[in-house]
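Two complexes are shown next, each including subunit A; its partner changes from subunit B in the first to subunit C in the second.
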Partner chain A sequence: MDIETVKERAAPRAFSPKDDMPEEYRKAATRMIQFHANSEIMGAYLERPFIRQAPSLDRKLAFSAKVQDEIGHGQLLYRAAESLGIKTREEMLEELATGDGKFLNCFHYPMEEWVETPMIGFFVDGAAMRRQATLKRSSWEPYAHAMDKVCFEEGFHVKHGEDILRELATGSRAERERLQEAFETWWPRIIQFFGPTDDKSTHHDFASEVGLKQLSNDELRNAFLNAYIPKAEKYGLEIPEEPRIRKRDDGTYRVVEDDLDWDEFFTVAKNDYEGSHVQIGKRHDTQEAVEWVRTVLDEHEQTSMGTAPAAAD
Partner chain B sequence: MIWEVFRQEKPGGYHTHCGNVHAPDAEMAKLFAEVQHGRRKPTNSLWVVPQPEIAEVDAEDTTFGGTTDKSYRWAMTYTGVDASFAEEVAESQREQETADREREEVTAGGNS
Partner chain C sequence: MSVIDHLSGPEDLAPDEREAVETLLYRLADDEFVLAERYTEWQVRSPTLESDLALSNIAQDELGHARLWYDLLEDFGHEEADLLWERDPETFTHSTLVELPFESGDWADPIVRSYLYDEAEHLRLQALEDSSYPRLEDRVGKVQGEERYHREHATNWLERLASTEEGHERVQTTLDRLFPHALTLFQPVDPEIEARIDEYGIRTQSLDALGQQWLETVVPFLESLGLAVPIAEDGAVTADDLPETIGRDANHTEDWFDLYEEFTYTYHDLGRDSAERIMSDPDDQ
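This part shows the complex of A and B:
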């Protein structure tokens, strides 16, 4: 299929591994899905310490279930990415370990305090879910199918995140103050979750023309602000003065983008931020520590399946 | 050999199991599946899978979902917060409620 035909036929779930897709499409889809898969994994690593640090048994159980879900989402998405025939799962996991694999900006920052957990668990997951819901209509069928399952599970994550937020927001004054501080630290990053405004985003045009994504950065950010600013306010959080956010007459928001630190954003995007090295390093070490498990499983697969597996489908 | 047949109704949909056919090879299995399962029900695609290749675990072998209370995994457990502010969160919760209800019906009705 040539690119023009792809653009003509682009529709929700229109293309599957049966279709002979041009390399440009397969590469763009791989980049997008691999980024998404990497982000699931890196998000899980960021939250993992809170299985131990959770203040109650219920929270501990919920965090362990959530981390498990996120790793599962990563695996699901590597499968969807792999089906494009550009990279194998092993290659993508390897790229994540070496620091070549890219992932969401918010997961490049350390998260150390319990009071920070709703910043990821409610706001970042909420933002991600807004985006993922639109990707159920992606033109790459395996991606859309993965989103069905991810969105089904994700409602628990967002509500659990909000439940922690609610608890902290109705807690002691000291707790509320620390919550506000955490919010101020995370808010600009959360706004940057959606990337730079449309005319600065490099990959958007093609991805939307071939139906890989449905909404632009601006539209998604706007949809996020619409639902989540009222939530922040409901819990007594004060929206930081910067970045300045103006409500337009039509109800949409305008973010003054110059108030955001884009140098930092693009350093993060290149995996070159201080926190990038820390987070990638942490995962790399964990991967290495359990290398023997993968080796044993691979050997077992070789002997029980006879020949080299993953060859053809 | 027996081949299990999976039918996809519309492009982009899921292939779901719809029956099986006897056939000596994949080509014949596809043909028989087409005749038996692709004629009347809406069909966009069929998969045929050799039955011996399918591994199964069922409710007699295991307890799906575990034996302990795992309500912390469900959106509807968190009753202090409301899902309706975001349609996708509300939808996820509705799907989870349905799944939970169906699970309970199956458990209550035995595994027959």
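This part shows the complex of A and C:
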């Protein structure tokens, strides 16, 4: 299929591994899905310490389950990316550990306190939900299909995140103050989650023309602001003065983009921010520490090829 | 044979019966909770995405079981805050096997640990299937169902690891280190109370009998993988085989106190005085 035909036929779930897709499409789709898969894994690094630090048994269970879900989403998405025939899962995981793999801006920053957990668990996951819901209509069928399961589970995560937010927002004065502080730290990053404004976005046009993406960064960000500013206010959070948020005549919101630090954003995007090195370093070190197990598994598979029963992982 | 057919519900137990039931529940709950706490260290750090998902499942099962057993302690008026978050760490009675930290990347450890623990857990639960304490008996079935998968998981991994030179060596080293701690699973919290647990039929097998059955299971299996089990030829276990700290008697390694600090950090940092429940009570599920 040539690019022109792809553009003509682009529609929700229009293409699958049965179709002979041009390399340009396959590369663009791989870049997008690999980024998504990487983000699931790197987000889990931020949240894993809070399995241990959760302040009740139920919260601990919920955090453990959530982190597990993120790994499960990563697994699904790498499979969807592999189906494009550009890179294997091993290659993508290798790129993630060496710092060549890209992932969401928010996961380049450290998360150190329990009061920060709803910033990811409610706001970032809520933002991700909005984007992912539109990707159920992506033209690459395996990606859209993976989104069905991911969105279903993310729904629970956002509810859990909101519940932690509610608990803190109705807690002691100190809890409320620390929550507000965390919100101020995270708010600009959360807005930048959707990436740069459309005219600065490098990959948008093509991805949109071939139906990989449904909505633009701006549309998604505006939809997010319209839904989440009222939610933040409902929990008593004050929206920081910067970046300035303008209310339109119809009651919807838009952000003054020049108030955001785009230099920092693009440094993050290049994996070159201070936090990027820390987070990627964690991935690199933990994967290197268990490299021996993968070698043992390969060796075991080679010596028992065809004779071993399927193993429980 | 026990002399008591059925104990009453929690509110009608005689004080010595209640003490026996509580002692048994703390053993169970603390083991499951602390083991799960350790397992979660492997989340996002396991060798493959698949093994990560599997070990996370096991950790959550154990956390769920801990929740079931702590919930039975709540029958006696305890609250989660007293059972975990504000409890003196020197009163926990889990075995030292479950509290030891993992070395970074030492995947042989959770596998060997899980194998040794889950075989013991299986036997221990069997000895509770006909418990004279009805609240306990009711919940054993659900737990036993999940433990079967844990044993399959551990056995499968052990076979794979032990089939290669490097894996075999690592498993052996881990086994030498963990085996003495696994023996503490069968140690008494207090010999007099343990005798009462048996006498009242709360547990239908004594710790010694369970320990013996466990050895009869794990020693032949480990030897079949070409591993040497650090135990006397006649299988007799003496005090010399036990590690310095056994856990059951509420003596613990320094690592336990560090772990306790970490997992209670947020609770204290936020100045909480209770633990929030977000899931329904096990009795309503």
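We take it that the second predicted complex is superposed on the first by the 297 of 313 C-alpha atoms of A that agree within 3 Å, B and C clash if a C-alpha of one lies under 4 Å from a C-alpha of the other, contacts with A are read in each partner's own complex, and residues count from 1 in each chain.
Heads up, the rule we're going with is that a contact is a pair of C-beta atoms (placed from the backbone, for glycine too) under 8 Å apart; a residue touches a chain by one contact, two chains touch by 3 or more.
It should be emphasised that the depicted structure is a prediction, and the values quoted were computed from it without experimental measurement.
Set against each other, subunit B and subunit C differ in how many residues of subunit A they touch, and the higher count belongs to C. Touch criterion not met for A:G99: it reaches neither subunit B nor subunit C.
With both structures placed on the common chain, the touch criterion links A:P240 to neither subunit B nor subunit C.
Legend: residue contacts after superposition of the two complexes on their common chain; A:E141 is shown touching subunit B, with no touch to subunit C. Shared-chain residue A:M129: touches subunit B; no touch with subunit C. By the touch criterion defined above, A:G155 lies against subunit B but remains apart from subunit C after alignment on the C-alpha atoms of chain A. In the superposed model, A:P188 lies in contact with neither subunit B nor subunit C. By the touch criterion defined above, A:G275 reaches neither subunit B nor subunit C. When both complexes are overlaid on chain A, the residue A:P17 reaches neither subunit B nor subunit C. On subunit A, the surface touched by subunit B in one complex and the surface touched by subunit C in the other have residues 58, 61-62, 65, 160, 163 in common.
Every residue of subunit A that touches subunit C in the complex is listed here, in rising order: 41, 44-45, 48, 50-62, 64-65, 67-68, 71-72, 74-75, 78, 113-115, 160, 163, 167, 171-172, 174-175, 285-286, 288-297, 299-300, 303-304, 311-313. If you check the complex, the residues on subunit A that touch subunit B are 12-14, 16, 58, 61-62, 65, 126, 129-130, 132-133, 141, 144-145, 151-156, 158-160, 162-163, 166, 227, 230-231. Here subunit C touches subunit A in the complex through residues 33, 37, 40-41, 43-54, 56-57, 59-60, 63-64, 66-67, 70, 80, 84-85, 104-105, 107, 149, 152-153, 156-157, 160-161, 163-164, 166-167, 170, 262-263, 265-267, 269-272, 275-279, going by the rule given at the top.
Chain contact summary for the complex, subunit B toward subunit A: residues 11-14, 70, 72-75, 77-78, 80-81, 83, 85-93, 95-96, 99.
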